[in-house]
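Both complexes shown next keep chain A, but they swap its partner, so chain B is in the first and chain C is in the second.
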Partner chain A sequence: MSKHDTPMLDELEKGPWPSFVTDLKRQAETKPECWDILGQLELSYEDKITHWKHGGIVGIFGYGGGVVGRYSDVPDRFPGVEHFHTVRVNQPSSKYYSTKFLRGICDLWEKYGSGMTNMHGSTGDMVLLGTRTENLEPLFWDLTHDLNQDIGGSGSNLRTPSCCLGQSRCEFACYDTQEICHTLTNHYQDELHRPAFPYKYKFKFSGCANDCVAAIARSDLAVIGTWKDDIRIDQAAVKEYMAGNYPANAGAHAGRDWGAFDIQKEVIDLCPTGCMSMEGDELKVDNSECTRCMHCINVMPRAMRPGKEQGATICMGAKAPILEGAQFATMIIPFVKIEKENEYEAVINVIESVWDWWMEHGKNRERVGEAMQRIGLANFLSIIGVEPLPQHIQEPRSNAYIFWREEEVPGGFERDIVEFRKRHAA
Partner chain B sequence: MALSKEELKAVIIEKAIKAPKPQLYLKDFYKCDPDSKPRVIKNVANELVREGELMYWSSGSTTMYARPDRIKNEEGAQGVND
Partner chain C sequence: MGYDPNNPMEGRITDIGPRYYDEFLPPVIKANKGKWLYHEIPAPGILIHTSETGAKCYTVRVGAARLMSIEHIREMCDIADAHCEGYLRFTTRNNVEFMTDSEDSMKSLIEDLKSRGNKFPIGGTGACITNIVHTQGWVHCHTPATDASGPVKCVMDELFDYFGSMKLPAQLRVALACCLNMCGAVHASDIAILGIHRKPPMIDHGHITGVCELPLAIASCPLGAVKPAKVVVDGKEIKSVKVNAERCMYCGNCYTMCPAMPLADPDGDGIAILVGGKISNRISAPKFSKLVIPFLPNNPPRWPEVVEAIVNIVKVYAENANKYERLGEWAERIGWEKFFEKCNIPFTEKSIDDYRMAYETWHTTTQFKYTSATASYTD
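The block that comes next holds the complex of A and B.
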């Protein structure tokens, strides 16, 4: 493997920002195959086409996911990347590591792969980039036996569940995201490692509507913390914010002078449902209109807190652009208790009611969100046994076409047509 | 009435041998026995992988099943079970 001329890539080293080209050149000093990554990428820029082939039978025996096959279609020119498979490693809940563990992962990947990593991929996994087929089994042995870590999901499997920091560091988290993420990862080991579905399926767990793991945008099943009772308000702290004694947004925007804090402009007027107002010097919230968006809590965290009756909202059907365009999740269950004591039975019941239907009726390469769109929300709710609720619609009567089922109409669809025609001539 | 596990294995293998395309979606195996639940078929297909009768073929986003003798790896080598 030798250095290649990469004039276009070299342009990406200019400027003040970090450059992956510089990183690859540095890595190539100890891992010469990285020269071939640069060479092949320069060729792709010239040809305006990728020179990676992906997929295949490569993997760890008995596992239907965790390894994504990558091959060069010009291996004679770039032998270092003839095989360049990706390995997904299941990250621990909330991505807490010891430095010893991270050194272990890096040493493992220097031994069996290119040494290049992506910490972390959009699925949440640690992504180890670039190895040969013959290295996969020994890598898996060392990963599982020496580091006590598992591979993640890929293909038509359950993808590696991920969660926000949750109650480990965040006072807003309405449930223990780490615990449920870890528990369900173990509970669904078979689905995680062996293909069970028409296409990929992801869980993500966010402790509140700030949604730090982007569950609502990037997961088929988003469990997002919320509360059922009234938002908690410390009126004395509200006054401190208004007086400028507490920094708004916990000081997050302190790098610039934004002027004095204006509760009307920065909180009340930005409430998406307009449920807030001042009565004298007291902040009032109409909790029946509050959508639990977290904005006021984020701006005044010492004055506002989630209510005490905490749980989660379950949304379904989000996906990234492939294949039919990006879509956000749809709210399906407004509130569910997240209870470790009964092993998250309520959440598991929801998950499996969807799986049972989607496994049978989902089309190949059709995400749950696309299947929901295909059959319509009303049918989907009926299939998974959820009663339609006011929260399922954006606003009343925006759809003029309401289709009743016969059992929903008193007397059914039977009528006396002769009697009807007496009043309505044909 | 649903087929027994051994009967199901036999019809899945036959399907994998005779299908025009070597790679099959899990859903393609559902037709082998409409009376069997999808989870049962998934478990049997995965057991056949462990036994070496089938192997996984993954694009990275989708996983399919194939007979080892009907599919070649990208670099041209025969499958790992050969």
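The block that comes next holds the complex of A and C.
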């Protein structure tokens, strides 16, 4: 494995943003297979097409996911990337690390892999990029024995769950996203490692409706923090914002002169429900009208806080386009308490009510959101035992093509055409 | 003792999950978890969180290429060891956060980061363009229609000023997916850079037997464009498939199921731009990104057409949107017809939906705005 000419990639060493090409070259000094990563990528830049073969089934013995097989289609020119399998390593909740642990991962990957990673993959795993088949079992041995760490998911299984940073460093978080993410990841190790589903299934845990982990857009089960009582208001702090003593939105807009803070224009008028008003110098919220969108709290974090009775809303069925088009998750459970004390029983019951049905009736490669569309929201709610609510829909149907169950109609569906004709000539 | 290939089950450990996060929390985080009262962003890339105990956590956020070497990770570990008691974290958007409990350590941390060339740009907070989330592209994927790390680097180079400042009307999230499988889930981004194919798959009849379950390949097509076919290979009739090109929308789902149906192509492949998506429930509900530029060529190494198109949209948005208004909220307020006009983007039939539930996107009102697009009717 020697250095290749990479005139096109070299252009990507210019400019102010960190350069992955510079980084690859640095790594190639000790891991020469990186020269072949660069060489093959340069070839793709010339040819405007990938040079990776389709798939390849490799894995850890006893696991059905967590390793993605990858082979070069030009291995003779780039032997260093002939096998270039990916290992997904299940990230700790919120991606905090000790340097001791990270250095352990680096040493492991120096020994068994290319030295290149993604920090992190789209679903949340640490992605170790590029190793050979014969390295997989030794790597897994060292990962589990020396680093006390398991791999993540791939294929038709529970994908590695992920969460926002939650209460660890955010005042908005309405429950401990890290703890439930960790607990359920361990609770469902079998589902995570051994594909038994129609297709992939993702959990994501966001502490509030700002949804920093994109749960509502990217997960089959989105647990999004909320509250059910009143927004807490510190009227003295409201006055500080109005006086310009506290920066609006924590200073997020400080790079431009937007003029003095105007609570009417920036908070009250932008409230999607119009549930806020000033009475004298007091800010009032009609909490029964509030939809908990987070805007006022985001703008005045020192004055407004989520209520004290906190929990989560559960939405289901988000996915990227493949196959029937992208979907956001649909609101299913308006409010649930997130309780460590009973091992998240309420959330687990919701999860398993869906799995029981989906595993039996979902089609091959059909995400749960697509299965929901296929059978209809009303049927889905009935199957998982949730009473239909007006909160489940944006608006009622505008057609009258209603399915009635036979028992709902007096006399049922069977009728006598002969009797009918006695009264109504054909 | 390590792995013994002759005795692979001996001493095997499985199903242990990830390490417990609690081991990895910086001391100030661990001591104040659940007690945070508020935060401030005193400068781009700097966050100060204040706890009810009076403790403060100083965070410095830096950008990073998602494709990252262990040498780079080790360098970050050195920085965290020197200034942050040996802890750091990564964000969901591929940024890295260094945290400390004292302003002095934060200052020396910033000085250290700045001394290391362009490896650790500070920013990514507030009304900015933070790091681009993206997929693998030509670096590792078998189905991409474009590269990922390369276009991301080019776009971030041009938008760099917005990473280290907070002068936009609101945060602007850019994402790249190298095909419409969307491992990067770009379907809810302010600006989505999406690799697309434009040619139906080829059929490798010589290899299809043995590598494909034909019924799965046929069933994989959402538009029923893949049909069974009998073909002659080396004088022998075999079972294969054919593709109705008129029906194909180049989604690549058949290739996912059947390696003998490759569809990538140097001229066919390129990039579409979708805008106006968002994830947050803040003010308005989450929105999908909408297709405004159907195709731009793959032009490595610097993708100038893609970079120019994105910079243009960012600039027009920055000049026109109200404070707190996300790109999609702005486009909806002024009307999409105005969006196209203001951004000087030619409207084409490709932006008119013709997939499932397309009708919901058609305009069924007489309320519209006259723009240059209607000039032939009004002039």
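By our rule, the second predicted complex is superposed on the first by the 387 of 426 C-alpha atoms of A that agree within 3 Å, B and C clash if a C-alpha of one lies under 4 Å from a C-alpha of the other, contacts with A are read in each partner's own complex, and residues count from 1 in each chain.
Keep this in mind: a contact is a pair of C-beta atoms (placed from the backbone, for glycine too) under 8 Å apart; a residue touches a chain by one contact, two chains touch by 3 or more.
Predicted, not measured: the structure shown is a model, and the values here were computed from it.
S.K.: After lining both complexes up on chain A, report clash or fit for chain B versus chain C.
M.R.: Partners fit side by side after overlay.
S.K.: With the two structures laid over each other on chain A, which partner does A:G411 touch: chain B (first), chain C (second), both, or neither?
M.R.: neither
S.K.: Put simply, what angle do chain B and chain C open at chain A, by C-alpha centres, to the nearest 10°?
M.R.: 100
S.K.: Is A:G280 contacted by the first partner chain B, the second partner chain C, both or neither?
M.R.: Neither partner.
S.K.: After superposition on the shared chain, which partner residues are touched by A:P396: those of chain B (first), chain C (second), both, or neither?
M.R.: In the superposition, A:P396 touches no partner, neither chain B nor chain C.
S.K.: Would you sort A:N364 into first (chain B), second (chain C), both or neither based on which partner it touches?
M.R.: both
S.K.: Answer with first, second, both or neither: which of chain B and chain C does A:G55 touch in the superposed model?
M.R.: A:G55: touches chain B and chain C.
S.K.: Applying the document's definition of touch, where does A:A196 land relative to chain B and chain C: first, second, both, or neither?
M.R.: After superposing on A, A:A196 lies in contact with chain B but is clear of chain C.
S.K.: Between chain B and chain C, point out the one touching more chain A residues.
M.R.: More residues of chain A are touched by C.
S.K.: Once the structures are superposed on A, label A:G385 by its partner contacts, choosing first (chain B), second (chain C), both or neither.
M.R.: A:G385: touches no partner chain.
S.K.: Between chain B and chain C, what is the shortest CA distance in the superposition, whole Å?
M.R.: Closest C-alpha pair between chain B and chain C: 5 Å.
S.K.: Does any part of chain A touch chain B in one structure and chain C in the other, and if so which residues?
M.R.: 53-55, 61-63, 86, 190, 322, 364-365
S.K.: Would you mind writing out the residues of chain B in touch with chain A in their complex?
M.R.: 25-27, 30, 38-39, 42, 46, 49-50, 55-63, 66, 71, 73-75, 79-80
S.K.: Which residues, counting only chain A, touch chain B once they are in their complex?
M.R.: 53-59, 61-65, 67-69, 71, 75, 82-83, 86, 133, 154-157, 190, 194-200, 322, 356, 359-360, 362-365
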